[in-house]
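Let me begin by presenting the structure, written as structure tokens, before commenting on it.
Every chain is named by a letter (A, B, C, D and E) in the order it is written, and numbering of its residues begins at 1.
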Amino acid sequence: MAAEIEKKQNPSAESPTGAVLKPLATAARQFARSLIRPSTILYPFERLEDPKFRSEVAVESGRPIGVGEVWDNYRGVHALNVNTCISCNLCAFSCPDLCIEMVTVPGGDPKHPKKCPQIDYGKCSYCGFCSDACPEGCLTMTTKYELSTPNRKDMVYSPQKMFEQFQRKLPMNPIRLERPANEDAILLDAPLCIGCNACARDCPTNCITMLDIPKEAPKPGEKAAKRIWKEPVVNDSDCVRCGTCISVCPKECLFWGTHS
Amino acid sequence: MDADEVRAKLTGAGAPGILSVDPFPGVAARVRFSPDSAAPLFPIVRDALGFPHLSTVGGIDWVERYEVFYLLWSDTAKTYLLLSADLDAKAPHIETASSTWPSANWHEREAWELVGIGFDHHPDLRHLLMPDGYDFHPLQRAFKLHEPEELEVKVRHV
Amino acid sequence: MAVTTLWDVAYFLSSGLLGVLAHILPPLAWLLTNPNLVWLLSALLFGAILLGASMINTIMLIWFERKMLGRFMDRRGAMHVGYAGLLQNFADGLKLFRKNTFKPREADDLGFYGGPTAYMVTSLLMFGVLPISSGWSDGALPLSMLLALVIFSFAPLFIFISAWSSNNKYSLMGGMRSAAQMIAYEVPILLAVVAVVLVAGTFDLNQIVLEQQNYWFWGPLFLALLVFSIGMLAEMERIPFDLPEAEAELVEGWNTEYGGMLFAFFMLADYLRALAGSILIVLLFLGGWTLPTYVPAVATSLPLAGIIWFMVKTYLVFGVFVWIRAALPRVRTDQLLRIGWMRLIPLSLVAVVLAAALVLVKCLPVFGCVPSMGG
Amino acid sequence: MSAAQPTVPPATKPMAPAVGPGGQLPVLSPDVSFIEIEALRSQQFLPAAKEALSALVKEQAEGTLIRPLFNWAGRNSLFPLHWGLACCAIEFAAAFGARWDAERFGVVPRSSPRQCDLMIVNGTVTWKVAHKLVTLYEQMPEPKWVIAMGNCATGGGPFRTAYSVVPGVDKLVPVDVYIAGCPPRPEAMLDGILRLEELIRERGA
Amino acid sequence: MSDMWINMGPQHPMTHGLWNLRVHIDGEMILGVDPEMGYLHRGIEKISEDRHYNEVITLMDRTCYVAGMAWEHLYIQAAEKALGLEPPERAEWIRMMSEEFQRLASHIMWYAAFVQDLGLMSPFLYGMRDRDLILDLFQSYTGGRLTYEYMRVGGVRNDLPVGFNDRARKVLDWLEPRLVEYDRLCMGSDIFRRRCDDLGILKAADCVKHGVTGPMLRSAGSKRDIRKDRPYSRYAQVDFDVATAESADVTGRYLVRMEEMRQSIRILRQTLDWLDHHPGPVLADRLPRWLGAPYAPIGREAYLLKRNYPKGIGLSAIEEPHGEACAYVVNEGGEHPYRVKFRSPVFANLSAASQYLVGYHVADIPPIMGSVDVCVGEVDR
């Protein structure tokens, strides 16, 4: 096998003397080929993001510099649509590098301020987990990659700054993740619930409704109304499974589980 | 090669200190042995069982005990074998495998450095990855990572 | 008289200048029209032009190499500083010029500063000897070729001095390699030159070129050209013989500890030597500034035509060196010395014998040129 | 920028859009002729020379006379240190490859720190290599610049919680330009170098 | 000059990374070497213990930055075994395709760096040019050039985009003649042969003794390739040969890697043909959400208490471009792996450095170390 390979790949092995001519010829051929158009992209002037340029140098053209059309799913800077963000915290939870901080943006009511992600690009590893986790599709990644700055503080992108990216309508990742079915659901440990309404109040999608549920049968001689408690009921189809309700529950009576 | 065959071969070769031979996913078997009998066991595993290639040596801190495992490969049987030994939590140490498998040298240095398992009679047990004088064993469970505190950033004077 | 050479230009300029001055200041006319003064001034002017021209040529040579190497490597090379990167090397030079000058603490003062300076100066000295066009030295230096080769062989000494005194192991190894390599390759170079001298019958570079008016030596003395070119590659320390600077093992070789202006000296002197080497090849084998007689006279009768043709040839020769650099890896030290001592020296001896035989039978195989043995 | 340099006519500011704060660049169509592209950046020399000449005419101090030219030279010939720390080094190498060819801008990596102006910290800096990095930095002659390439050099990146990693090279040496990315594309690295050039032009070398 | 020690590294053109080769030399002869590692030790195994199973993938790309896909594949296999999950069929094939593309890219990168060490610059640029095409392919379906974050526990993130297969075939068509060109520049060159023949010899017995695997072992005549010996993923269903050579030297390693590239192209063509005709899901249904993306890993401790998921230990081994890589993932029922241990092939290959360096010249260090194909990221982890 080895001798075979050697023979196949090295026809000059028999007569090595004078074999410098072959690489010289190869280099000369390359010289002639690149005399017209070397494979260099003149970066600030020509860019692979430019669809026209991209298709011109695609692999189909015979002189490939890029492979062609598919470029738009490059993971660069995030674009955030502040208007549709529901402050669910999922992006911050899913960030492996803990570079997302939820900061208050104008638009919420004073008691429950609206919080949107602020990303520190000095820590972000551009893995795209946050945009995969975003239930509303408001946090996406654009193809913008030029992020050099002389100032470290400029690398922290506020929600407003990411909204600007969104408004510039840069190409965004066309491949949206299909979210596979998941059996996890928010369950209630009913005996512990005090009906405080905190979960329903803070739910970003308003999928929790407090239903009147009789806690126990009224004792004889009592008015029935006193024994009626409110209990959260989660609408599973709307729930984005962000876990806000679990974290705000004062009695820790909500938990993850499956209906089965 | 499966667990029974390994057990049969080991007993046939008179291997000392074998605690158990279980089937294990992905390898021929997992052989648990007592650390005291490591020195006579290793050559038996290499020669009688035919595992001349040592892939890696790793340590695990199970808080109440330490475990050291050896991953071996046999070219004839085309399979892996896992050796594992439980070590004392206070002062974990075991006989070095580098006299049997020279490739264990660096792996044991790494395990000593990161997990804190001592290897007796190791020819060259010094720091491999961390600078000399680093006294911690980062892969122990008690060693916790934390976010670096924000230091003040120097500003270049123009 | 048609202005054909640089010396003519210098003489014309200085005599014209002095003539105008004499016209303005009649009392001093006796002094200003003194032919000795005219000669002196034109010599100074000539030197200044030569110095500037060789420096600018060297920088252009670096540009030429970078652009050409770029094409060999399927890229463009320097292109954004100045038109097509022409100003790139000037920017590099200016930047290196204003960099902080420093010396490693343990380095030796004299060697550290003196070595590169002497290397630079001796490399520049070459250009005083090499005739670029006709009427350059007029036989004033009958042994000019030997002088050129002597100056050329100063380099390992200064490289070794600067390598030794910069107190760095890599520098030291690079310096030692450099010395060994250059000494090994002096011998075949000289022997190859002997072949040329045998055929031309003179040590004067000027005369050698004139001998080649009708037939260039590259045809009959092809073996000598081969030996000389390979030797020159080693002397210039270019790939495949750039062992002293072998990046992969010796960081930057003997200039590891040099930065700023001194490093610029090294770089510049390297390319000065490359230029001088290419010029030597053109002089000895490619007919210098001459063109074959069957080329229409228009090509040679233009002003400074000799210099232009000479530079075109020089750049083409250097282009071949660039080509080799783009295609061949570096050899190893022992292989390099073996090639030098055991291959090139026998080859050069064969070349000498061949040349002697050619002279003896008074017949040169000529490619398209009219044979006129012995000029 | 135009406020800072009123003497420079707008026609001779070719690179200004390339490194503008937004990073937005007018994408030239590829049918711009070869000659035009080669000529685009070459115009930078003219303002520098003009500035130097005007300084000469105004008989300013010696320092200001040659400063524009040296500034031009310094920013157009940045020799980065040739070393590779981690992942970003691969993109660093790719930027010198045929496709991006950083040498177009006069950026040539040198192996010896003595000959470098620019240290591109292209990867994770560990405490074990920290003092060697500082030594290399100190071996570089002034004027010198540092680019923190990628997130590890900027702030430790994904590894900043690790016991062995320096959370940002700016704790060790002063950093001039940060390039975000993990790793940054070669284009992003070139963009960082162009921004550094702009910075040198503003600050003076 | 008598004998002396020189430090080659951490900043040295030969190292291709951050490590220090301390060389004991006499003149130009090597008397002994002592590799000093750890300059890039980033504690990946420790950080993995603080991360969710899917989040470890972001570290895997950075562990070996020239073979990110291979390391993702390695880790994912071990993690799936530890968690008891099965990926869909199509995901397995996509993973195999990714690994083979990565092998191609890694070998081209090796070629570029290796020949550059010999003083020849052009192949570096040719190699980088051709490797960029593969990275473009990666980018077209993962979104990253070097760090892909593509595989997930239970599958891969997304399916291949429309038209990918044709594009990939075109790239392979472009690459095949390039490999011939590479050979012409190297094997066709007398100087190259003379520099590399009989250099850095490490016989098969010594390789096994010192744990050396991968192309280094195969260049010594051994046919050990985990893809054949212990087929994982769908390697049993594709047809390829194991490249070997007999000479056990630098030339042998060169030939093995070049042949492996051809075999990779062969595997890739078969894989692309399979992918043409077998659409399907690429991510398993009903994954536990604490795995991380695509779900957000939340619930933290509260969730931990109230679930019971099987414990297990996952062990996987793959043929990484550099050699045999193993992963050992311990799942103790937490949402983070309890312990992750990797076996890096280059780690073992480097530990035998004194075996193949001593006795040669200083000028031989770059080609020999180049033929080892050092990736410091995976050595130090």
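Definition applied: contacts are C-beta pairs under 8 Å (C-beta built on N, C-alpha and C of every residue); 3 or more make two chains touch, one makes a residue touch a chain.
Computed from a predicted model, the values in this text were never measured in an experiment.
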For this session: Return the chains common to the contact lists of subunit C and subunit D.
Result: A, E
Problem set entry | If a chain touches subunit D and subunit E alike, it appears here | A, B, C
Seminar exercise, completed: Chain centres computed over CA atoms; the one at greatest distance from subunit B is chain C
For this session: Could you find the chain whose CA centre sits the greatest distance from that of subunit E?
Result: C
Exercise. If you tally the C-beta contacts for A-C and for A-D, which one comes out higher?
Worked result: A-D
For this session: Please compute the C-alpha centroid of subunit B, do the same for subunit E, then give the distance between them in whole Å.
Result: 23
Exercise. Between subunit B and subunit C, what is the gap in Å from one C-alpha centre to the other?
Worked result: 64
Exercise. Approximately how many whole Å separate the CA-defined centres of subunit A and subunit E?
Worked result: 27
Seminar exercise, completed: Taking each chain's mean CA coordinate, subunit B and subunit D are separated, in whole Å, by 47
Seminar exercise, completed: Within subunit C, the set of residues that touch 2 or more other chains is 70, 72-76, 247, 251, 326-328
For this session: Quick one: which residues in subunit A touch 2 or more of the other chains?
Result: 20, 23, 26-27, 30, 38-40, 42, 96-97, 125-126, 152
For this session: Please set out, as single numbers or ranges, the residues of subunit D touching at least two other chains.
Result: 37, 40, 97-99, 101, 104, 111, 128, 156, 158, 160-164, 168, 170, 175-176, 182, 185
Seminar exercise, completed: Pairwise touch list, complete, is A-C, A-D, A-E, B-D, B-E, C-D, C-E, D-E
For this session: Write out the stretch or stretches of subunit C touching subunit A in their complex.
Result: 68, 70-76, 323-324, 326-328
Problem set entry | List of subunit D residues in touch with subunit B within their complex | 127-128, 156, 160-164, 167-168, 170-171, 174-176, 203-204
Exercise. Inside the complex, what are the residues of subunit E that reach subunit A?
Worked result: 51-52, 54-55, 57-58, 122, 126, 129, 132-133, 136-137, 139-141, 143-145, 147, 149, 157-158, 161, 163-164, 167, 170-171, 174, 181, 183-194, 221, 241, 243-247, 252, 255-256, 258-259, 281, 283-289, 292-299, 302-303, 306-307
Exercise. Hey, which residues of subunit B end up touching subunit E in the complex?
Worked result: 24-27, 52-56, 58, 60-61, 69, 71, 73, 75, 78-80, 82, 101-107, 114, 127-131, 138-139, 143, 145
Seminar exercise, completed: Counting only contacts in the complex, subunit C reaches subunit E at residues 69, 72-75, 169-170, 172-173, 176, 239-240, 242-243, 246-251, 325-335
